[in-house]
Every structure is written in C-alpha cells, then in structure tokens.
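Look for subunit A in each of the two complexes below; its partner is subunit B in the first and subunit C in the second.
So, the complex of A and B:
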C-alpha cells in the first residue's frame, strides 16, 4: 500500500522530469548566463571579463537610439498584437459559421503561419519594391496607377509596412486560438440567448466574448512574447535603418552585439527586454484571470 | 560487479592509449572560411576542385594534419566567431576581414610564428602593411577587390553626356542631364548607405575630397572639414533626386541589379561587376573609369582586402604549439600554391594577394592587369586600428541620420568625440 502511495506521489514528477531537464538546459540556463553576462565586462572580440556592476545597463539606457527604439517597440507590439487580435477574432467568427468552402478558407488562413518569417518578410520586401515591386506592377497593369509609387518613401512608412507584415503573419495564430475557443462553446447558450431575444451584438458581448476569453488570453500573452521578440521582419526589411529609426529592441540589441561589437550593453538590453516582457505578460495574465473569476 | 568495473577500467585504458596515439600522430586544425559566393562551399568541401575538394586534397598531401573546416556566410561569421571566443573555443585559422580587435586583445599568433618565409615574401607588401598592429604582422591577405566607376555608355550618350564625369561638378551636370532626359525612369547615380556597406560610400566621397578616416599621424579625423563637405555633397546628390530613392536600405547588390537592368546609369562597384552583369542575362553597354572627385582633389580607388589569421591556443605547451604552427604553415603553403590559389581567386572573381598568382591570372583574363593597376593605387580602410569597427558603424549612422535631415557637421563631431574621449 505504502509503495503505491509513494509511487503515486513521485510518478507525476518522474513524467515531468524530461521536460524539466530540457527547460533547464535550454531555457533557464541560458537566461542565467545572459544575466551573468549583463553584469560582466565583455570585450569587442567577445572575451568575458570581470564584474562591472550596472555599467552595461547604464550604457544601454544611455544609448542614443534607446528612447526611439523603446517607443518603436511599444508601437510594434501594441499595433501588431492589437490589430491582429481584432482581425483574427473577426476571421475566426467568419470561419466558425457554416458556408461552402470553409475547409479551404481555413487552410488559406493558415498559410502565412506555416511559412518561415524570413521568407514572408523577403516576399513583402519584393512586393513593395519601388523599381520592380509586384505591388507597383499589378497596380500599373490594372491602370490604377499611372506612375510607380515609392512605397518606402520615408522610414515612418517603412515601419508601418513592417507592422503590417507583423499583423499579417500573426493573424492565423489568433484565428486558430479563437476558433478553438468558439468551437468549444455549447450551442445551447446561443439557443437560450435567442429565446431571450438577444441579437447578434448581445450574443457576442454576453456569450461569445466571456467564453472565448481564456483562448484570447492565451493567444494575447503568447503573441506579446512572440511579437516583442520578433527579429526577422524588421531585420529583413530595413535592418533598423535609417540610423536605428525602425529598430525594435531585439534588432537593436542584435546590431549592438554583432555589428557594433558592444556585447555588454547588448546583453543588458536583453535583460531589460526580458524584465519588461515578464511584467507586461504578468500584468495582462493577472487582469485576465481576475476577469475570469468575476464571471 | 567487480568484473564490470575491471572491464570498464580496461576499456578506459584502451581508449586513453588510442587517444594518446591520435594526439601524438595527428593534429586537427579548426578552420573557418567565409562564404564568398556560391562556389566557396563546393571548392572547400564539395567537388569544386576538379572533382575533389580542398580538404581532401590537403589531407592527402599533408598526412598527419586533419582539417575541421567550416564555410560560414558573411552574415553569420561575426556572430559565430564572437560566440566561439566567448566560449574559449576560437578556431585555429580564421578567414575574415577584420583583425585588430583580436590582435589588440592578445588572441592572435604573430604571422612570423607560423608563416613560412618563402610564402611571406610572396605577399604584396602593401597588403601585409594593412595587417600591422604595434609593429607586428597579425594576419595575411587572402584576396582583394578594387572599386571603380561603372557607367552605362548608351544611357549617358542618349542623355547627351559627352564626357564621363571626372569631378563632382561634372557628375552633377551628368546627373541633371540624365534626369532631364529620362525623368524618373533611370536613376543617374547609385548610392549605398546601408548597414551593409555605408562605410564604402563614406570612403568614396571623403577620399575624393582629400579627406579621410585618419590623418598622417594615424589619428582619427572623421570630422575634418573635407569630410563634412564630402558627406554634405553625397547627401546633396540624394536630396536633389540624382540617386536611387532609398540609399539607407538599398544595398550595393540592389544597385548592381539595377545597373545590369539598365535602370541605373552610374555606380561605384568592385571588379566582379562584369561577371554579375554577364550572369544576369542582360546585355548592357558599359565601361569603367576613375571614381569622380572634387575639383583640386585626386581620385583613388577603394581597395577591400580580407585576411587569414591564426588564433592562439593557450591550452598547448611549447612543443605542441610549435607543431600546431607548423601545421598552420602547411595549410597556408597549400592554399597559396599557384595550382590551388589561382583557381580559388578566379573562381569568385577576386584579385590576388600573392605575386606568384599574377602571371597565371593575367594569362587567363587580360582584364586582370588593369584591375591590378587600380589595386596598386587603392586606399584601404584603417582596419588595423582597433576602433575601426566603431568608426565603420559610426559613419554609416552619420550618413543615415543625415539622410533624415541631421546636420552632418554635428553628427561627425559627435562621432569624433566618442573616438577621442
């Protein structure tokens, strides 16, 4: 009897052990190393020296591009996560309704998600090219434009394109998270609401949204993390140019580490980013969980 | 249990003997080579060397020396090397463009410790001079390229440009003539101020105005009056609509494609451009000339040179180090043997770094001779100064800030202040 009890007590941990080992080796350990490096002197060639206190953090915050990049990162995360969540939700609602070709529509939605981000970003780079871009070609051939338009006329527009590509590739993930949530809602709720005289908007507000909230929380938290850490789109389209004005925190720290050979400040930036992410994702999760408890 | 322990002990003993035997007889060199083009990987590791490859051929000719050779793309090589240095796992031999950071931190072996004398005497002296820090040579050149002005003869002729521009004023006149004739269909002048190669744009203009990165005493002078004037001139070309529309994001490769497609009339590019144009399938009528300069200043080509260097291995004793250095010497001797090196240089269309390859290369391609003359008068980036990397990124930053309206003098003053503090 005792043996069975002991076995039951330890068995779950035994099953979890492989994942825990993997997480420790590939997640926890690298994070600890980055924390250690952020307080160490790192030479331009890459040799790691002694403890330098907060010097790397000071240098990171005093970096001339830091303010712009923090602002860009906020715009990038809020616009990409916010707009893709809204559009993903609408598409999921559409895909949840009965219509012919629904399966094909669902497959099409998944395409951007199934393609590598670098390939997506490179494809968009070609689409918006001034000289030979597909967008100009199509619009000129259709007679909508008389002369080619420079779709990258300023860095603000280029950054807006980057956000647009971010939204495009993020929508499928939100759509499928929400779709999974929508499919788990019992039809009886809608029937009851219809009997009570609720219209589309009332059903949406009082039935759909509360019941889909757990799926939305998961997709939003994961998206905040993915989008904040997203590197390929900005790096492929502008590499942060001109003069870091389209950089986000992740691309800036990469440039600082491997182009400017300022590895100390770069590791400090990655720690700052990690802390910001923990706070933002944590606050969002707590707020969402409170909301769920209120239901 | 005892049997098991005895078996394990015997196994360990046997393994240690094998290990000892390997250590005594063979030496393995860790080598990182940069990917210069599509043929690099094939030449070193595939079948690109007459059905065999560099590693196989080297190991067959040099018994006792094994190569653990990796071809790494230029995009990744700095990340790879820096990570390996951080992990105390630097390669034995590295092919890259920069060396000063590694030398300044005492990570490199002096060339005199591993390079055979006969081979050392074969390198172009002006190339060797580019790899000297504190009176010691830390790297040897592996190849070079030189830049010149390329112009589309037909486009210039049709636009009524009778003389290829030699001075900045003539360049502006030619640009205006092209704008007047073609409107927005042809860009007169190509400018690349991207993070890829914005430092080259800086060099073209400041050297064409008797400015530069350093003064005669080798002190940084990035904010000299000549440099301010030169960068203002370059930014002025962009603002007047004489260039490609997005110099901060359009790389030299984009410009070369535009030139090959007849969309760009003039650009400064390396000696490989004719091959790129030929491979593009386009047929354009083009020619080369000196890079335009300011009135009263002289024109000079920009030379770009890459290097091969050897990292120290502090885990080895004196005898082992001598043996390793001898192996590195064998690697270099084999690499620069004319029968191997000529194939390597011409395969990716570069210019040689050793005298012994010149005759064979000129015989194979007479156009090489003119480029060798260009190279002989070329100026090089001050890569022997440890701050070079910061300066390189700094001048790109200045250009990109100036493109968005920043004041060139203020920006260059700020950059200079970071170098002299």
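So, the complex of A and C:
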C-alpha cells in the first residue's frame, strides 16, 4: 500500500479525531445509554431509577409476543437475505453480459435503492389492498384475473408480502455488490476455462463463484445487519397487527418503547438483538473469510 | 466465440426462417380467435315464491327468453335462493338474467370502426415486415426488421389498453357524467359490434352494465411475437444457441424492469387521481379518468414544500459534516501507518451493527441531554454519524486506488500533509468524493425512523415523516400521499442515477480490493 511520510507520531490520530468524536458522541454514547438502561428501572413516565439486575431482560423474554417475534425475525432475515442474494446474483450475471440497453437496465435496477423505504412500503401497501388496490386493478384490466383476489387474506400472507417488499428493496444492493465483483474478474480466466472446454455451469462454479465470494460476503454481512434492523416496511404495511403476529424484533421494541411506555424491556430487547446480530454476522464473517487476508 | 461452418450457418438460418414463419402463421391464426369477450346483462328478473320447474318458473323463464330474443345468441342464468321460513315450510326465489356474450376477434373489431380495431392488423403488418427485413442483406434493413419485431411485441399490450380506453374510459366516463364528449360514433360502433345493432336507444344502459374481459388468446400473442423476434435474430446472426439465449436474456431483463418500475407507475397514476378514484372498489381504469395536476398544488398548500426544505437542509448538513469528518479519517486510513488502525476499522464496522432503530431509546435520551431534541441540527448530526462508516469505506477505497507519488512529490517540495491532501489528492479523487457525497445525501434524505421519534413539531419534519400526515388512522389520502412521494423520490432517483456508474467502481475499490 502506498504510504506518505508522517513527521510526528501522533499525527494520524489527529486526522482521525473529528470522525472519532462524531461517532463517539452519537453512536457510542447511545450504545452505552441503552446498555445502562437495560439494567435500570425505568418508570412509565421515563424517569430512570436504580440498578435492577436482569429484571428488564426477564420482562422482555416473558413478553407474550416475544416468541412469535423471534420466529418472525428469523424468517424475515433468512428469507430476505437469502432470496435477495440469490436473485441479486442472477440479475448481476444478466446485467454483466453485453446487450443493447444495458445502461438503461442498470439504471432501472438501481431505482428501489434510491427510494425511501417508507415510500416503497406505502406504495406496496396500496398495491395489495383488496378493495381498491392496484394489483387487482391491473390484473383485472389485463384479463389475467376473473375476480378480485384478496391479496392479504391472513396475517401469514401479509407477512410474506412484507418479506417480498424487503427482497424487492434489497436486490439492488446485492446486484451492485456482485456486479462490482464480476467486473473485477479478469477475462483471461474465462478464456482459459473456455480453452479447457468448461461449459457455462463449470465456469460459474470454478471461476465466477470463488472470485465473487469476497463481494458476496461483504454484501451478505451488511444485508444481515440492515435487514435485521429494517423498520419501515413492517411498520408501514401492518404495524405488527394483528396482535404483534407480524412484528419483527425492531418494530416490537419500537412499539414497546414509544407506544406502551415500557422503555426498560425495550432496551433489554435492543441488547438481545445486538448480541444475536453480533453472533450471526460474526459467525458468517469468520466462516466465509477463513483463509482470506482482507485488508 | 467459435466460427461456425457455412453449412451449419445455413442450417440455423433455415431454422430461423421456419421459426419466424410458424410464429407468423400462429399470429395470423390467433387474430381470428376471440381475443376478448364482452358480456352484457340485457334483461334480468327476480321471481319470488318460485320453485324450479313449477308453473310460475316456466312463465317467467319464457318472458325472459322473449325479452332477450332480439339479441340473438343469449345465455340465461338462474340464481336460486332457498330459505327456511319460521313455520318450517320452504320459500324459494329465482333470479333470471339473460346475458349476451360476444367474443371479439380482429376482423370484427376492424369492421366495427372502433380505433383499437386497427391494432391487430398493425401487429400483423409489423410482424411480416420484421420477417421480410431480416431476410434482407443490408445491415440497416436488418436492424429495422428487429425494430418492427419489437413493435409487434408492443402491439399486444397497446391493443389491450387502447380497447379498454375506448370502452371503459371514454364511453364509461361520458356515461357516468365525468366527462363531456361526443361519443355517438363510438356508441353506434359498439352497438353494431356487441349487439348486432339491436340495442338502439338502450345502448347507454347496456354499455353501462357491460363486463369486458380479455381471453388468454390475447396473451398467447406475446410469446408468438417473441418467437418471431427470436426467429428474425436467428436469420440474421445464424447462431442457434446464442439467438435463443439472447432472446431469453432480453425477456428476463424486460420482465425485471417492468416489475421494478411497477410501484413507480402506481405512485404516478395514483398521485394524479381524484380521491374518489383511489378508493373506488369497482374502479377499473388503468389510467386516471382525469389527470389531477392540481393535487400538487393542494399538497404544497399543506406544507409539503416546507418538509422538502427541511429534508434538503438536513441532508446537506449531514453530508457536510460527514465528509468533513470522513475525508481526514479516510486519508489517514489510506496513506498513513499507525498503531490501532485495525482497531479503528473494527470500531467503524461495529458502528454499522447498530442501526439507529435499535438505539432509539438511547439516542432520544442523549438528544434530551444535549438539548438537541426536536431540532433539525440534531437529526443532521445523527445522520452524519451513522453514515460515517460508509463514507470512510468509500473514500478510503478511492484514495487507495490513486497512487501516492504526486503527494510524496508535493511533500518533498515542502507542502504540508494537509496541503498535499487539499491541493493534490482531493482534485484527483473528485469522482469518488462526489459519489460519497451523493450517497450520504440520499441516505439522509430517505431516513425515516429517527426523524419520527426525534421530531414532534410539524414545521420541522422532513419529507419522509411529513408524508405520513396524509395517512391518519382511519383514512389515507392516497392521492396526496403518492403525489408528495413523487416529489420526494424523483430528485434522489436522478441523483442516484448520476453516481450509478461510479458506485460499482467505489464498491470494488473500497470493499474488495482493499
């Protein structure tokens, strides 16, 4: 790596200082506050009392919605990250091949990334309405449906739609990460593989996948974090209704903290969520980075 | 690519010709099949105290048959309702309805003189031209041929939409009084087409109750046109595998783009509708009956400009702070050796783990403490802090990809490190910096969760929170919601398109090459 001469030993730290201060004040302090609050008694009015040990955690785990919400969160993260990674990979492969109008197609794929999640979620919320939603409108108009279909007949289906919207908005990020990886692959590898008589699948398995893996790892780790923490989609489409059955961890803790005034259990849930996230992302990172010296 | 032998090439050319010709024949055949079906209830009668098969039943049925006889081919359906009375006897009611159903094929539509009738022949013409031109030698003629092939593909949905427009939009709007226009020509054409000219004075009420459906035959035209296009490509390129692969690739890309653009289409047409239209259960028009550009005036009256202004201020501030802190940090990470570099990187990655949502309780307490609650400045700083990781990541990648020779030279010439950064590196890194800038700007612009919690004063809300004022608990003003969503979305989408090209480069140099 190119380096430049630094005259004084402490100079690099001076360069880091502004960033460090900003992140300490606005990221580290809130983390510390949340950790502290999770072990403190908090009244309904919000005044912070003394240390109460693990009471908040007990209350959080005993929350009657906790079990469903954990299950939902697992389904949400696994399905959204898994399916969007798969689809994003396929789309990136398609966009990486030469064809006319490639620039336009790429620009269109980036659209969901550039749009606010609330707005995307509101649009889908309207699209799948039974009585006047646009999906029924279009399908009836084009003669594909005979009668209007209730697209949100049960909460399971609604949750599936939420996952679908999650996938929809996550795909561009994966696509572009993979695309970045694909474009850095030297064409010589493919030529060599072609000379050796490898077909499409063999090339995919032995050339493309290993070389794209670093990009896939980065996008998957970041996606696990983003998707786990994703709030607006579920909040806009169902608000967790009925009875927290479509809530994920993040929406539940938001509801508990700001609607039900249970800040103590809510902060405990934040901590639980953070620990889970650290474990999952850490394990994934270690598993896929094994033997690779990145940085 | 391997060169093919002339023999092989001739064979696949022939295959292409056969494929296109059979596709053309299929299209021709399909045009004679009923592409759509219009059914109208011409007469209906309910008969109480009637059991199926008794005297009254037969009398009423005969009456219905007689009334509908003028329309020729009629289907009579009966709906029987059986009910148990309180004294244990049964009562029965029979509802008769006589419906005329007409399957419409291309020749009939053409003969009727309705404007959409011209599209099926146009489709056929395009398809034939596509085939003809792809057989021609010159390159420009071949390109033109492919163009006609694509046109013939487009003719199918265009035909579907134009027909709906004539029946549902133009005629429907006039009949319901939403619009004034002279449609007598359409009316008599529709009468001839649907009711053999028997409707006369009744045409208005009949059309009002008409149900209009496409049959699957219409959509069978799409694959047929697609096969034609593949055939044409095959004749021109004479490579069987690649022509089919290309065709499949284009189909995939087109389908993908349609799905991705669909919510934006919904936002656009819903944002320009009347409130009655957005909530109408039986609303069946694909485009607004009246384009309500005045929706934009209404939302501006309700403070949307102010929200947009707040968002702009917030995003510009967040971008400024984020870059002011991020550039030096990224510079140090890219160019200097020091202890704790890995620790700082770990710290940056850690901060990504915590999304603002999870920390909301902590953030609101901190903001209370700093007296920044309910201020745009507070939001600005939070957004800047949570975008640091990405900013440092992208900037570091850019700096690393630029050789440090120039800076070293500058340093030897007596320039300070700071001078080397500002005078030498920053101008060279401008594309990467602009990418980062826009990226942070967009993230701050689209942020929703922290703003909902931190901002309670209406006049300080950013646009993402501001649009939720149109969706109260029991009523959502969809048209205003989507009109403001459009205003909030279009600028950032355009910004994002500007950096799209650099984004791939940025992600590569930042994350993968390290």
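Simple rule for what comes next: the second predicted complex is superposed on the first by the 281 of 295 C-alpha atoms of A that agree within 3 Å, B and C clash if a C-alpha of one lies under 4 Å from a C-alpha of the other, contacts with A are read in each partner's own complex, and residues count from 1 in each chain.
As a convention for this text, contacts are C-beta pairs under 8 Å (C-beta built on N, C-alpha and C of every residue); 3 or more make two chains touch, one makes a residue touch a chain.
The model shown is predicted, which means the values in this text are computed figures rather than measured ones.
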Touching A:259 in the superposition: subunit B (first), subunit C (second), both, neither?
first
Looking at A:270 after the superposition, I want to know if it touches subunit B, subunit C, both of them or none. Which is it: first, second, both, neither?
second
Compare subunit B and subunit C by how many residues of subunit A each one touches, and report the one with more.
C
A:131 contacts which: subunit B (first), subunit C (second), both, neither?
both
Given the touch rule stated above, what does A:74 touch, subunit B (first), subunit C (second), both, or neither?
neither
Quick one: is A:105 in contact with subunit B, with subunit C, with both, or with neither? Answer first, second, both or neither.
second
Which partner chains sit in contact with A:97 here, subunit B, subunit C, both or neither? Use first/second/both/neither.
second
I'd like to check the shared interface: which positions of subunit A are touched by both subunit B and subunit C across the two complexes?
131-132, 257-258, 263
Write out the stretch or stretches of subunit B touching subunit A in their complex.
78-79, 81-86, 101-102, 104-105, 107, 184, 193-196, 245-246, 248-249, 258, 261, 263, 386, 389-390, 393, 397, 400-401, 403-404, 406
So in the complex, which bits of subunit C are touching subunit A?
36, 157, 160, 164, 213-216, 218-219, 246, 249-250, 252-253, 256-257, 260-264, 266-267, 270, 278-281, 283-286, 321, 324-326, 328-329, 331-332, 334-338, 340, 342, 344-345, 347-348, 351-355, 357-363, 365-366, 381-382, 384-386, 388, 392, 400, 403-405, 407-408, 411, 417, 420, 442, 445-449, 453, 464, 467-468, 471, 478, 481-482, 485, 488-489, 492-493, 495-497, 500, 503-505, 507-508, 511-514
Give every residue of subunit A touching subunit B within the complex, in rising order.
42-48, 130-132, 147-148, 150, 152-153, 155, 158, 237-245, 255, 257-261, 263
For subunit A, which residues are in contact with subunit C within the complex?
1-7, 9, 11-13, 15-23, 25-34, 37, 91, 94-95, 97, 99, 101, 105-120, 122-124, 126-127, 131-132, 134, 137-138, 140-144, 146, 168, 176-177, 179-181, 183-184, 214-215, 218, 222, 225-226, 228-229, 231-232, 250, 253-254, 257-258, 263, 266-267, 270, 273-274, 277-278, 281, 294-295
